[in-house]
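Next come two complexes built around chain A: one with chain B, the other with chain C.
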Partner chain A sequence: MEIRLNRKEFLDELSPMQGIVERKTTIPVLSHLLLTAREDKLHLAATDLDVSLTSWCDAEVKREGGIAVQAKKLVEIIRSLTGEEVLLTQEESRELTIRAGRSRFKIHGLSPDDFPTLPAVDDGGNVPIPFADFRRMIGKILFAVSAEESRFQLNGALLKLKAGAVEMVATDGHRLALVESRLEGGTGDDAVLVPRKALQELTRLEGEGKLEYRRGEHHLSFRLGRRELICRILEGTFPDYERVIAKDNDKKLLFERKTLSEAVQRVALLTGDRARAVRLQFAPEQMVISAANPDLGEATEEVGCDYDGPEFKVGINPDYLSHFLSAVDTERIRLELKDENTQCVAYPFEGQDIRYLCVIMPMRI
Partner chain B sequence: MDCFYAAVHMRDDPALRGRPVVIGGRPEGRGVIAAASYEARAFGVHSAMPSSRAVRLCPDLVFIPPDFRRYSRESEKIFAIYREITPLVQAVSIDEAYLDVTEHLGAWGTATAVAKEIRRRVRDERGLTVSVGVGPNRLIAKIASDFHKPDGLTVVPPQKVQAFLDPLPVRRLHGVGPATERALADLGVQTVADLRARAREALADRFGLKLGRLLWEFSRGLDDRPVETHRERKSLGTENTYPADLRDLAAMDEELDRMAAEVAAGLARRELATCTVTLKVRYDDFTTLTRSRTFTFPVCSAGPIAAAARDLLRKTDAAARPVRLLGVTASNLLQGQMEQLWLFEEPAARVE
Partner chain C sequence: MARIHLLPDYLASQIAAGEVVERPASVVKELVENALDAGGREIEIQLEHGGKSRIQVADDGSGMGRDDALLAFDRHATSKILTFDDLERVATLGFRGEALASIASVARVEMTTAEQPGDGHRVSIEGGRVRGVEPYARPRGTTFDVRSLFFNVPARRKFLKSPQTELRRCLEVVQGYALARPDVRFLVLHEGRNLLDVLPAGATGPRERIGQIFGTELAGRLVAIPEVSEAGRGGERISGFLGDPETARGRRQLVFVNRRLLRDRAVLAAFYRAVREEWRSEDFPALFLFLDIPPEDVDVNVHPQKAEVRFRDPGLIDRVYDAFRRGLERARGEEPAPLRPPVSEPYVPFAWQGLGQMTQPEAWRRGATTDLPVQVTGASTSSWSPPERLAAASYAPVERPMVPLSGRHGEARPFRLLGQYKGTLILLEGPDGLYLIDQHVAHERILYERLRRSLLAETTPVQHLLTPLFLEVAPDEHLRLLELAPALDHCGFGLAPLSGNTLGVTAVPAVLGSAEAEALLRTLAHEDHEGAAAEDLRRRILEALAASLACKAAVKMHHPLAPQEMESLVAELFTAEQPYACPHGRPVVLQMSDADLERRFGRR
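This part shows the complex of A and B:
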C-alpha cells in the first residue's frame, strides 16, 4: 500500500475502533486493526469476533494493499503526530511505514489474511432510527444490563421495534430499566437481544441523522454514515418483564432529582464495597436516608419530598438508585413503593418518553 | 461441656438417664452420629460414626434427632455465666471456651477457685456438668480440661507444666494431627518428652519454620496465643462424608439444599451475610476440588446459597463420578443479615 490521507480524518475514524478491540486477548490479531487501501479509500475494521466496526476515510491511493496493525500503537502514533497529512506505505508486506512532517515510524503488522472475516448482514429491510434518540435511549437502560457471565441471556438489552415506537429493556435480575420512545416514521415489529458491548460502542459513535438497522439471521447491523457496527445476536430467552413492573404500589413520592441524587451518593460513602445498602425511611414530606457500616460508622441525611402516606422503611442498594437518577433527564422523579420486600418503581416526572421506568428490588436489611 | 447435646436431652428427660443415647439420624437412613452419651461410648459408639454401624455395636441405642436451636439457646445461657466471671471469653465451639481470668480473679482469689465456681454455677443453674482445665496458657488449659472427663477439674500450676506434659502422647498437643503424629512417630517421637529432646533446627527442617517452632514451644509448655474474644470469622460452612458414595445428582442436590439451609442458619445465628459460596467435592478416589461463586451483592438465605451450590456442582464431574464428600461454605462474610432480593423468582426455584 502507498497512500496519503488527512490525519485528523484518519484519527476520527480510528477513535471509535479502540473500544471494539480486545485489550486482553489470547488471539493476537484481535488486538489489531485491519487497514485496506482500495480505490480511493482506506478501509478500517476492528472486531472481537462478537462485535465488529468498519469505516473508511478518503485517501489518495497510489498502490493498493492491506495490513493488520496493533490498534493501540497506531492510535497513539497518529494522535501524537503533527501536520495535516499522513503517508502510509508498505515496503514489505508485514510492515507499515507512517510518515508525517519530519517523523517516520515503521511498525510491524500481521497479514490481512490472518484477520477474521467479518460477518455480512444481508441487505434486508432497513429500519431508519434517529441516532440521537437511539443513543439517548441506550443511556437510559445500559446500567441495568447484567455483567454476570453466568446469566448470559441478561448480558444484553431487549430491543423491540414497534410501529411508531422503539422499546429497550435491560435487567440484571435485581433491577430493570425500560424505555419506550416514539420513533418518527418507524415501522417494524421485531424483538432482539443486543449484547452489552454493542450498545456501549453504539453510544460512542458520533454523528447526526439516521441509524440504519438491519437484522440478519445471526447478526445485527447498525450503520451510521460511513460506520457500520455489526454484532452477534444474543441467544436466549429474556424474562417476562412486564409482570415485574408493579402496578399496585400505593406509596407515591415525588423528589427533586438532583437533591435526591446527591444525598444518596453522600450517604452511600458509608456503605461497604459489598454491603451496598442504605435505608430509606419515609414519613410525610420527608425521607431519611441512612447507612451504617460496622467498620466505618454511620451517615444520615434528610431529603424533602412530596408524600403524605404512612411511615415505612426499605433497604436498597444506593448504586441502583444512583444509576437511575443519573440516567433520567427530568427535574423531578417519582418513586412508587409498597413494602420493604417488593419492588420499588422509579419514574421520571413529566418526561418525554412514552414510558421510562426503573424497577428496583429492595435489599433485606 | 460433657457430651453436650446428649446431656441436654438427658437433663430434660429423666427416662434417658443411664441409657446409651445418641444424637443423630436414624440407622435406617444414611444418618451419622452427632453426639453420644458416655453410656453409649462404653459400647464403642462415637460421633461421626454412621448410625447403622452404631446400632450394630449397641442394639439398645436410643436415637434422638438433633435439635440445634435448643443446643444453641442452652449454649448462650452457659456462655452468659462465663461472661459474668470474665469478659475475656473465647468461644471455640458451641460447648467449648477459653476464659482468661488473670485479671478477673475477684473475690475467689485463685484460678482454681474460679474454676470451681464455674462448675458449681453451671451445675446449679443449668443442670449440666462441665469439665475445666486450669493452666498458665491455652495449650495447657485445653489439655487439662480433657484430662478428667466427665465432670472433672484438672489444675496444672506453672511449676508442674513440664511434668504434666512429658508423659503425654504428642497427639495431645494443639496442632498435632494424624499426619504430624505419623511423621513424628517415624522420627521415633511418641511422647512430649521425646519431642522436647529434639533440637529446634531439626524440627524446623522436618516440619517447616512455623510448625517446627510451634512443636518446640508446645513441648515446653510455651504458648503465647491470647484468649481472643472477637476473632473475626472468615468463613462458615459444613461438609459431610457419606458412608455410601453418592451417584445421583438429585440426591446431591438434596444434600446441597440441606447444607445450604444449615449455612444460612449459621449466618442467621451470627447475624452475618455472605458474598461467596464455595462447593467442595471429593470423589471416590479422594481427589478433592472446590468451586466458588462470588456475588456482587450479599445474600444470607438458603435459596440463593443452594442455587449457587447446585450451579457449581454442575461445573464438576459429579454427574459422572461417585462422590464421597460434599461441602458448602460461605465466605466473604459481612456483618448484619442482609440480602439483595430477586426481581424474578428466587434462584433456587430456577434450578430444575
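This part shows the complex of A and C:
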C-alpha cells in the first residue's frame, strides 16, 4: 500500500480499537490491527474473536494493499508523531513504513491472510437507538454483570427491544439492575444477551446520533457512523428476572443519594475483605449503618431518612449498594424493603427512565 | 444334662438370614439381582418408608412355573448352579439359593409370577412358611412384595436408620446396577414419588447411562479407558471411563466386576497409585471401571453379600493399573494437573520435585544409578510439568547473621539466611545442611493457619441468592444433601429441592464464589457423614475455605523479598502447627543434608 492520510483522523479511529485487542493473548495476530487500503479509504479492523470493531478513514490511496500490525505500537507511534499528515507505505509485504515530518518508522507486521475473517451481520432491518441514551443505560447496569466465569450466561446483559422502549437487565446472582428507556418509533419484540466486553467497548465508541442495531444468527452488529462493533451473541437462558423484583415490599425509605453513598463507603472501611457486610437498622426518621470485624474493629453512622414504619434491620453487601448509588443520577433515592430475608429494591426518585431499579439480596450476619 | 441342642428351624433361618439381609437395601439388592438373572429388561422398584415397611420389585423376566415358585423359597434352592464345578464359574449374580429363603424368614412376602402371560401364580409367605398358593393372571415376569421387614426380629429393626437414610442406601444399590446394565430400564418410586427413571440407553450405552444418573455435565467430562486386546487373557475385558481433573470434586470411583458393583481394595489402590504417578496429584477423578473376566477367574463366593471378590490371576491388577495409566494420560488433556505429590513423609531428603526442570550434568546422572539416594521425579520422568517454572532470574546474595529459630516445641536452632533463589526459593544454612523453602507454599501455610483460626472464631455472613444456583446430582447424592440440609444451613448454605435430581442453592457463605460453593457441596454430597455434627461440618467447610483463600493471597513465585521479609516468613513458618506441608499437601521445605552434599562431592 501507499497512502497519505490525516493523522488526527487516523488517531481518532485507532483509539477505540485498543480496547478490543487482547493484551494477553496466545494467538499473536489478535494483538494486531488489520489495515487495508482500498479505493479512497484506509479500513481498520480489530478483533478478539468474540468482539470486533471496524472503521475507516479517508485517505489518498496511491497503491492498494493490506497488512496486520501490532496495535499498541501503532497507536503509540501515531500518537507521538507531530504534523498533520502521515504516509503509510509497504515496500515489502510484511513491513509498514510510517512517515510524518522528519520521522520514519519501519515496523514489522503479519500477512493480512493471518488475520481472522470477521463475522458479518446481514444488512437486514436495523433499529436506530440514540447513542447517548444507550450509553447511559449501559452505565446503569454494567456493574451488575457477573464476572464469575462459571455462570457464563450471566457474563452479559439482556437487551430487550419492546414497542416504544428498550430495556437492559444484568445480574450476577446476588443483585440485579434493570433499566428501561423510551425509544422513539421502537417496534418489535426481541431479546438477546450481549457479552460484557461488547457493552464496555460500546460505551467507548465516541460519537453522536443514532446507533444502528442489527441482529444476525449468531452475531450482533452495532453501527455508529463509520464504526461498527460486532459481537457474538451470548448463548444461554437468562433468569426469569421479573419474578425477583419484589413488588410488595411495604417499608419505603427516601434518602439523599450523596449522603447515603458517602456514609456507606465510610462504614464499609471496617468490613473485612473476605466477606463484606454492613448492617442497616431502621427506625423512624433514621437509619444506622454499622460494620464490625473481629480483626479491625467497628464503625457506625447515622443517616437521616424519610421513614415512619416499624424498626427492623437487614444485612447487605455495602459494595452492591454503592454501585447503585454511583450509577443512579437523581438527587434522592428510594429503598423498598420487607424483612431481613427479602430482597431490597432500590429506585431513583423521579428519574428520567421509564424504569430503573436495582434488586439486592440481603445477607445473614 | 445335655446342653447342646439343635436350633429350631425358624431360628436357624433367621440367623442365616442375618448374613444376607441386613437392611432394606440388602433386600433390594437380592431382588434386583434375581430380576436381572431372570433376563428382566424393565425393573420397577417401589418403596415405602425407606423400604422399612414395603419393598416391591417387579420384572418382566422369565417368570416361574408353579413348582419352581414354591421351591424358590427353600434354602439352597437355585436354578443357577448344579455342580461344584459350576460354582467355579458363576456367570449369574445369584448362585447360593439363599436370598429368597432369607428374606422370607424375616418378612411378609408375596410373590406373583408367570412364565406365560395370563397363566401365573400367587404365593404368600410369612416368617418362612407358605401361607397360600393360588392361580393368578398377570403378564410374563415376577413381582415380589416384601412388607414389614424384620417384623419378627425386633433387635434388627432397632438397628435400622431413618427412612431417609435407608432409602438412600436402596437407591445406591439400584444406581449401581443401573450403571452396570445400561440396557435395562430401572424405575424407583418412593411412596409414589419418582426418584430414578432411566430408559435403556442407546448406542452410546454406558456413557449415556452415566449421564442419566450423574448428569450430562459429568458424562461430557469422561474419556474412555483405551482398551488393548492382546495384553489380557482370553475373554478378559477392561473398559470404562475416567474423568478429567475437574471431576475430582465429585469423588465418584465405581468399580464393576462382571457387572457387579464392588468395593475392591486392590483395584482402587491401583487407581490411586496410577493417579499419583500419572498426574502427580492427590485429586482423584471420577472412575467407572467395568472389569469383565471369565467367571472361572474370579471367586465370588467369599462374602455373604458378594461385596468382595477374589481374582485368581495375580497379573490382572497390573493390567488394570496399565489401563488406568493409559486412561489418565488421555483424561488429563492439555492442562497439566496441579502439583500435589503425596505427603507420606514431611522430610524429603534431597528430592527435587517442585524445582521444575532440572538440567542434570551427565556425571550426576551416572552417579544416580549407583549408590546415591537421589530421587529424580517430576519433569524428567514424565510429560508432566509443574504449573510454573523457575524463570532465569538472578539470585540475590545477602550477608546475614545467624538467626536462632525456635520451633513449636521450643527447640532453637541457628539458621543463616543465604538469600533468595530466582525470586522463588528461600535458601537457609542450617546446622545440619542446606534448606530450601518454597516461599509461596510457606506463606500459604502461614496464612492458612491464621485464616482458619479467624474463620472458626467469626460468624461468617451468608449471602442470599437472587435466583438459585442449580446443582445436578445423582439421586443418592440428592438425598444425602437433603439429609445434611440442617447442618449445611448452619454453615450458610440454603438448599431447596427442585425438579428431578436438581437442587437449588438459595444461599451461600458470603466468602465463597458460586463455583467454590458448588465444588464444596459436590464433595459433601458424596461422602458419608452419618453422625457428623453440624459443628464438624462447619469446621471442614471453613478449613477448605481457608486453604483456598490462603493460596490466592500468598506471595507468588518470582517475587523478590527483602531479607527481613524472608527471615520473618521463615520464623513464622517454624512456629506453624505443620510447617512441612501446605494445606494441599505440597512440601514446603527441602533439605540437603551435609552428609548428602559430602557424598555428592566425593568426600565420603
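The working rule: the second predicted complex is superposed on the first by the 365 of 365 C-alpha atoms of A that agree within 3 Å, B and C clash if a C-alpha of one lies under 4 Å from a C-alpha of the other, contacts with A are read in each partner's own complex, and residues count from 1 in each chain.
We take it that a contact is a pair of C-beta atoms (placed from the backbone, for glycine too) under 8 Å apart; a residue touches a chain by one contact, two chains touch by 3 or more.
Keep in mind the model is a prediction, meaning the values are calculated, not measured.
**Student:** Answer with clash or fit: chain B and chain C placed together on chain A by superposition.
**Tutor:** Verdict on chain A: clash between chain B and chain C.
**Student:** Look at A:A37 in the shared chain and tell me whether it touches chain B only, chain C only, both, or neither; answer first, second, both or neither.
**Tutor:** neither
**Student:** For A:Q343, select first, second, both or neither according to whether it touches chain B, chain C, the two together, or no partner.
**Tutor:** Both partners, chain B and chain C.
**Student:** Quick one: classify A:I67 as touching chain B (first), chain C (second), both or neither.
**Tutor:** neither
**Student:** Is A:M287 in contact with chain B, with chain C, with both, or with neither (first, second, both, neither)?
**Tutor:** neither
**Student:** Mind working out whether A:I138 is in touch with chain B, chain C, both or neither, as first, second, both or neither?
**Tutor:** neither
**Student:** Where does A:M1 make contact in the superposed view: on chain B (first), on chain C (second), on both, or on neither?
**Tutor:** Once the two structures are laid over each other on A, A:M1 reaches no partner at all.
**Student:** Just to be sure I follow: which residues of chain A are touched by chain B in one complex and then by chain C in the other one?
**Tutor:** Of chain A, residues 148, 150, 171, 173-176, 239-240, 244, 274-277, 294, 315, 317, 341, 343, 359, 361-365 contact chain B in one complex and chain C in the other.
**Student:** In their shared complex, at which residues does chain B touch chain A?
**Tutor:** Residues 273, 275, 293, 296-298, 300, 311, 332, 334-344 of chain B touch chain A in their complex.
**Student:** Considering only the defined contacts, which chain A positions touch chain B in the complex?
**Tutor:** 147-148, 150, 171, 173-176, 239-240, 244, 272, 274-277, 294, 315, 317, 341, 343, 359, 361-365
**Student:** Could you please specify the touching residues of chain A with respect to chain C in the complex?
**Tutor:** 148-151, 171, 173-176, 239-240, 244, 274-277, 294-295, 315, 317, 341, 343, 359, 361-365
**Student:** In their shared complex, at which residues does chain C touch chain A?
**Tutor:** On the chain C side, the touching residues are 454, 457-467, 469, 492, 507, 509-511, 513-515, 518, 549.
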